[in-house]
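Quick one: this structure, given as structure tokens, is what I'll be asking you about.
Think of it as A, B, C and D in the order they're written, each chain with its own count starting at 1.
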Amino acid sequence: MERKDYLQTPVKHIKIDGTLTVDQLMQQFKGSGALGAGRLSSACDIYEKMLKDKECTIFLALSGAVVPAGMRTLITDLIRKHLVDVIVSTGACMVHDAIEAIGGRHYIGGWAVNDTELYKYHLFRIYDIFVPEEDYVRLDFKLSEMYDDIAAQHKGESLASNEFSWEIGKRLSDKNSILRAAYEENVPIFLPSVRDSEFGFIHWLHSAQGKSKPVLQVDAFKDVPTVCNICAKSPKNGMIVIGGGVPRNTIQSSALASKKGLDYAVVITLDRPETGGLSGSTLEETVSWGKMKGQADHVMVIGEALMVFPFLVASVTERLGDFKRTPFLQFDKAGKGS
Amino acid sequence: MERKDYLQTPVKHIKIDGTLTVDQLMQQFKGSGALGAGRLSSACDIYEKMLKDKECTIFLALSGAVVPAGMRTLITDLIRKHLVDVIVSTGACMVHDAIEAIGGRHYIGGWAVNDTELYKYHLFRIYDIFVPEEDYVRLDFKLSEMYDDIAAQHKGESLASNEFSWEIGKRLSDKNSILRAAYEENVPIFLPSVRDSEFGFIHWLHSAQGKSKPVLQVDAFKDVPTVCNICAKSPKNGMIVIGGGVPRNTIQSSALASKKGLDYAVVITLDRPETGGLSGSTLEETVSWGKMKGQADHVMVIGEALMVFPFLVASVTERLGDFKRTPFLQFDKAGKGS
Amino acid sequence: MERKDYLQTPVKHIKIDGTLTVDQLMQQFKGSGALGAGRLSSACDIYEKMLKDKECTIFLALSGAVVPAGMRTLITDLIRKHLVDVIVSTGACMVHDAIEAIGGRHYIGGWAVNDTELYKYHLFRIYDIFVPEEDYVRLDFKLSEMYDDIAAQHKGESLASNEFSWEIGKRLSDKNSILRAAYEENVPIFLPSVRDSEFGFIHWLHSAQGKSKPVLQVDAFKDVPTVCNICAKSPKNGMIVIGGGVPRNTIQSSALASKKGLDYAVVITLDRPETGGLSGSTLEETVSWGKMKGQADHVMVIGEALMVFPFLVASVTERLGDFKRTPFLQFDKAGKGS
Amino acid sequence: MERKDYLQTPVKHIKIDGTLTVDQLMQQFKGSGALGAGRLSSACDIYEKMLKDKECTIFLALSGAVVPAGMRTLITDLIRKHLVDVIVSTGACMVHDAIEAIGGRHYIGGWAVNDTELYKYHLFRIYDIFVPEEDYVRLDFKLSEMYDDIAAQHKGESLASNEFSWEIGKRLSDKNSILRAAYEENVPIFLPSVRDSEFGFIHWLHSAQGKSKPVLQVDAFKDVPTVCNICAKSPKNGMIVIGGGVPRNTIQSSALASKKGLDYAVVITLDRPETGGLSGSTLEETVSWGKMKGQADHVMVIGEALMVFPFLVASVTERLGDFKRTPFLQFDKAGKGS
């Protein structure tokens, strides 16, 4: 590389004069192009590119406090508009969604509070959000019923985590529910660590009723080939990660196992790479594994996803205008993409 | 609280004069008592207290690059000396262990490297550690054989994740293996997200061989009551967390579901609380849920576990001297604690 | 506090349907109210409140890569519209501004680069921004001339850091320069650590010319009473911090020394509180010192200021519409507020 | 680079069997060599190398809560044993030292406290440390007297920040004081941002007494050539950074301005590089500027300095045994190195 190659693009300074739409500001970030603002504008460009690439399947990894943070409808709308094709999430995220689907609520609170008092009041805290225990209790009853019902319909059959998600979604009536929307729209939701959530603990109750009733069974490994086959069938694969953990790892590893490698990747996280943990690992690192292609469009935005992701969605929504996306893969109720 | 109550303990400054043992330095940290050094010394005190509390079951949560970072023997020794009673980990951690158990190695490398070249050379990178692809390939063959063998022995039976761990451990001969040591010492290893690892992808190969052979089955939910019952049977429960994610959540949620609440907790992490994610959440927050008791001894050490944990173990090992610990719960080969 | 008090404000989920202005999205963040999005919307509310409080003087702390990141014009416009009253910054920030003022540029580059090659090419790197050495060299000559000129005009007199800033600003002609705008608009710029920058190193060159010419003198302590008197004269004081370090500390300490305590505070940072360092310390901590009032409107946004601050400015600009702010204090060319 | 070059050094796993000295554990970290533990062991090796390199001048950058955290005696001992040659620090660090030198104390407290109550009680908080306001008040009186005395001795002369440090040190009698030890041992302490501390605010009081008495004057720029000349005269220069900010920047920039470039560098920090700020910037980045040589021994340890640094000192102290270091530069009371 010659010296002049390093000096191609001078920073253009951001100018805010009167009202701007979100994307007008983002375009300025693109001009300024550097540091955090630049990375966020790259994320928007990459997501837009994924959406307009007719051969790309878009995976969304959801972990952390997505629903308590107020992004539930945002995700539901992405599903209904088919601006994401596959979701990989945690059990907890979907529990939060189910709680709201049956009428529970998350409440704006604070983080500098008396947790012993909250405990006494049966209020659970998620950083600065509160959720009343009774909403969990109500969910427990509903889930137990649903499990009985699902088990009765699938006697002796072990479900995959994505089948489980749709079975729950089918039984929720709230149109704003992520689980419901995904069921209606045939968007698979994989929950590779579904056991590590209220879904797992309720299973204990549900299955403790003795031999009188069939018991819901979930096969830990059954969804593995399904995710991998989605990657394999898609000419291209893209990933947007909110948080990290199991959902990010599952997508990346599936891209590897299917010998495809991701073509696009956006990660929004506050985790750091130095621990060697997956959540903070750089996207460059994934190239060594073949999880992402060396030439993939990719960016890692260092920030709270719960603040950054809505900017990304608003910016891209504005760019899309009337654009209607047709996903490359069409999933049917059997969860198979074709 | 009166003014004087805030001024009870003046900071004593650390004095390093000649050679110190690890615990001699830690005792000085205890005297200084504040900020990071103080938190680390509290962690040592709490772990020591757990070990000497005859009614306490000690859970160790392992996630991240524990084995690549050189802590494999450290963990194995803790298992063999019964200084931990139950391990909850990720599939990936145990895959790393298994790779070394069959003769593979992790190599010290760097983080500012050319990942495209690494890819070309079939070298996988974990921050500044390299692992050759052939070690994974060799593991894949071994695992596939093991799966056949396990499936043949457990025809039609779905395993729990802890049964799976012991079945693998039983088939590894390396005495330094975490999986092997846990099997030999009857220390349960729960892997709530076992699917999200090479264990899951190999299952795909193993199960693709058609109907000619029995297929290993792992039940996603089967380990739930087992972990909860361990909490329930133990008069007290303590937790040490390296990293976060699913392992931490599983322990905390089991303490809640069993209506016990943790009595001791040490978390070592670089994650932050502000995102609302589990890994960085404060231990205070867990009190609101009942996952930890309000009066529990607890501390969160902000640091890379892979640097901090060996100091903690060395310090406590020194304190223990000839002390032999007898765990409250005795596990048999059926994984039941009594 | 009663149980119901904790459950006043359910989270409203963000809805993005078509084009939104920045503030329309921010209003949604306000409704959602929690975690990062909530904190950012609070920051907007607090800044708006500061601006509309006729008795409030607004301090802006600038540190880090503000100019390389493309926020130079943004800051200049805030100065020209009197949406900030006083700036406290680092020498380096103002050096970056001066470099652009004399025709230098910052260039968009990357962080995974060969620094030895950059060194060979005389290109300096600031994370993913490059700046050519010749722009610094050119600045060195200009500054040396300016110092001679300033020294000639202020023979035997030691300048305060804010007098120094205006003397430099007076000699720059670029309308987009922060230093120039501040000079023209009588907005004081305090540089408590001015020595730790190219301004200090050039002073060495300038003063090495022997006794033939007067030498510019800057008194380290002379600006202390000036900042404190601004706090003292203002019925209320507000602070917006980009980054941390000396600029944040100077504002907070001045609020303390003047026995006022801040009434409003917004801090945008990625630093953490656990080290005990100033930059990551919580605003709650400042209350114990009297640096901020216990009842002050305050919020700490965890994020890269270089991404977050433009959203804040865009949102508040939109809210202001035609609103023209008249600062409480009017500074004259002597830098005294009245 | 060939494939086998990446696979030279397999990770050796840490083994803790009985009591270990700090350096015995550190040697194990060296063997394991990777991630955090590896970086810490590199830091020890580099510091040892600096100490044994007869041509190297060692700069120590101190910022943050060094004294409140209990590292005061540690630093003092390093000074008295000439294991550091030059200190660059913040005003605040030296204020904390002076407070203890006149009998004040820092107290171990907590971070989850009622700051409004602390304010009422006149107790200042530094994360989880408390310091009573009366200790500051006492310091204010002492400093004011000292300033009168220093001013009387240096009539009409402006001091450099390092002259100021020694003048204060000379007037403190506490042998454990950093300022006193540095004065006695002729170790220069540079305070490039001395104004941003109680030293600056007390100057206001001291100078407000009218024209009846001479006033202490500190020249903001006077120490610049002194630091640069130290770098220039030393065949090699090494830097150890606790924290970051102005002290780190001053050392790095002096190495640049003197056209030497650092030969050794150890940075301990929790700050991140992505903001573009100096404190979290990588050492690689400094190579592009010429602040550090491309082939310098260097490492960045991600951790709380207040926990990590004592391990480093204990480990290196153990290695040194009876080794007595003779610094390359000998400073006299005029602060000049020869």
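Structural remarks
The rule we apply is simple: a contact is a pair of C-beta atoms (placed from the backbone, for glycine too) under 8 Å apart; a residue touches a chain by one contact, two chains touch by 3 or more.
Keep in mind that this is a model prediction, so the values were computed, not measured.
Under the touch definition stated at the top, subunit A and subunit B share these contacting partners: C, D. When each chain is reduced to the average of its Cα atoms, C sits farthest from subunit B. For the pair subunit A and subunit C, the distance between C-alpha centroids works out to 36 Å.
Rounded to whole angstrom units, the spacing between the C-alpha centres of subunit C and subunit D is 26. In this assembly, the C-alpha centroid of subunit B lies 45 Å from the C-alpha centroid of subunit C. Along subunit A, residues 34-36, 65, 68-69, 112, 118, 123, 127-129, 270, 272, 274-276, 284, 302, 304-306 each make contact with two or more other chains.
Touching subunit D in their complex are the following residues of subunit C: 63-65, 68-69, 92, 111, 115-116, 118-119, 123-129, 158, 161, 192-197, 200-201, 203-204, 207-208, 217-221, 223-225, 228, 243, 245-246, 249-250, 253, 257, 270-281, 284-285, 287-290, 294, 304-306. Listing the residues of subunit B that touch subunit D in their complex gives 1, 3, 6-23, 25, 28-29, 31-40, 65, 68-74, 77, 105-109, 112, 117-118, 121, 123, 127-130, 132, 176, 270, 284, 301-308, 310-311, 313-314, 317-318. In the complex of the two chains, the subunit A residues touching subunit D come out as 34-36, 112, 272, 274-276, 302.
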